[in-house]
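By written order: A, B and C. Residues from 1 in each chain.
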């Protein structure tokens, strides 16, 4: 046998479910009045309080902000919504060259880098080096146009196991190690072409003017 | 009045979901004809006729069904309704089936008409089953209609972060290669065996002087020259031939494109 | 004093909250594997079961559709929610039939669908179903002509509230009655003889015999 209290409970239960579903499906936070109108004029404040209590401490909570109610992910779980995934990526050949030039010649402007490399350097290449934390903008050169000049960072030294830039092998050492021997032009062209494909942002174009 | 029966295409794309066969609203024959365009092909019409027998599809009378179908088609033709070809093809096939069913058993072909009737029945059952299944599917609690997903999900984001890798050797090697690539380079051109235009001109005109008939350009080349000299001699001799023709000292002929080029002296 | 059991409970509780928050925030249904990956490799099946039980009978429920999980409003509250929603596009009768045939017979070729319906299928009909995301091309059948075969998608299951194709209404009975058996060659041939002349507008390569 159902008592009047049971029926009241069920009615309250139905209202609770209705409010829950309405707020869940809503595209925007809703005021108690809007929910009430939506549910044919039922009094929903008590149901909202009960619901909020039910969700307390769960992964999702019902909150009131400026008289509007909505569900949201529990604040302490906010980090779950933005997961960071680290990807290890090898520096492209173009970026390695630019990094080497900055390391040997710092501080240098982009125009100087291009002049040394003999090819234009895409903006993305420097961005990558700055993202890696190895290169920083080190002011501007006091010449017409005031170009930004770049230098390496302490992180650069740490990553490459150098105490200072002086530890980089000099030109004579490079020559002795055979690293200055003319390389096969076609190979270089091919590798540079490879750079272009691997990094869309790192496109190289023949330099227009080198200064 | 002409009503063309076009299966499928005649139905509005946004037709009612809980669709009822046109026959369901057609209580008398005339009304039925007006609804003919609602059928999707002869099988659809047959299924509707079969349903009118008000028995399980497994127990329908195929002969009665055939008669009903044929009489509809006949009456449609009498009313000059334009019937789509597949309705007529089905009519012809059913007429054949009927006559086969009525023939004495010993004159029957394989497959037997009973077998064919059974297959037709199976087809109707199949279509009927799918039609019911579709209705039951559409009547379910459907996402976006009866049930809803969260209206404003925060969304999950995966931020990619790059960790760049490069080693000491790659760095130093890259610098060495930049230096090597951009170092000033002196180009030396080696001496090569060539035949100059002057010597070719002299050679060709003197050889032309002693011959009266046509000679191919190839014959003017030095016979024992190496490949490189021969190539140079061919180019120079060709230009020389053109020059001699321009001066009116030689005649040039070529029978086809890329064919041998022939020369002949013009006697003054 | 906390016992090891308490700690286990808490860990399980945290996982429950994390799974709940993740699914609440997700814009698309997620497989258990995807949730697990998102949460750094935790085993989430037990948590999913617990959550589903927790939400049972509430205004919002956790359901599994084609191995993917999502929250949705309870079906019995449809009357409260439907009114302000734009109804999903109505399907033509032809489209609903084709959808049912694909769902119950999958994978099926177009010739097989046409054989069952006894009429050619307009190109647009399959397009509508694919655009809705309920049907996809599922390769080709290795018979002469290599016809494309079609199957339903996880979105189809989600839309129609099916955990898997096994839950298709009446599918067991239909199979037992032999009504889902592969379509008979001769019938296809017979049907096509009629079809080919019927619609010039309905271009279609003459369907090959189905197997």
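The working rule: a contact is a pair of C-beta atoms (placed from the backbone, for glycine too) under 8 Å apart; a residue touches a chain by one contact, two chains touch by 3 or more.
The shown structure was predicted, so the numbers you read here are calculated from the model rather than taken from an experiment.
Chemist: Which chain has its C-alpha centre closest to the mean of all protein C-alpha atoms shown?
Modeler: If we average C-alpha coordinates per chain, C lands closest to the whole-structure average.
Chemist: Taking each chain's centre as the mean of its Cα atoms, which chain lies farthest from chain A?
Modeler: B
Chemist: As a test of whether you follow the contact definition, which chain pair has the most C-beta contact pairs?
Modeler: That would be the chain pair B-C.
Chemist: How big is the gap, in whole Å, between where the Cα atoms of chain A centre and where those of chain C centre?
Modeler: 35
Chemist: Provide the C-alpha centroid distance between chain A and chain B, rounded to the nearest whole angstrom.
Modeler: Chain centroid spacing, chain A to chain B, equals 43 Å.
Chemist: Give, as an integer number of Å, the spacing between the C-alpha centres of chain C and chain B.
Modeler: From the centre of chain B to the centre of chain C is 30 Å.
Chemist: Residues of chain B that contact two or more other chains, please.
Modeler: Touching at least two other chains: 148-150, 154-156.
Chemist: Two-or-more-chain contact residues of chain C, please, as numbers and ranges.
Modeler: 22, 24-25, 38, 71, 73-74, 81
Chemist: Per the contact definition, I'd like the list of chain A residues that touch chain C in the complex.
Modeler: Going by the criterion above, the answer is residues 16-22, 24-25, 38-39, 58-60, 71, 73-74, 77, 80-81, 83.
Chemist: State the interface residues of chain A toward chain B in the complex, per the touch definition above.
Modeler: Residues 21, 24-28, 70-73, 80-91, 93, 95-97, 99-101, 103-104, 116-118, 128, 131-132, 134, 159-162, 168-169, 171, 174, 177, 179-183, 185, 188 of chain A touch chain B in their complex.
Chemist: If you look only at chain B, which of its residues touch chain A in the complex?
Modeler: For chain B paired with chain A, touching residues are 148-152, 154-168, 170-183, 185.
Chemist: Okay, in this complex, where on chain B does chain C touch?
Modeler: For chain B paired with chain C, touching residues are 6-9, 11-17, 19, 40-44, 84-86, 89-90, 93, 119, 122-123, 125-127, 129-138, 140-150, 153-156.
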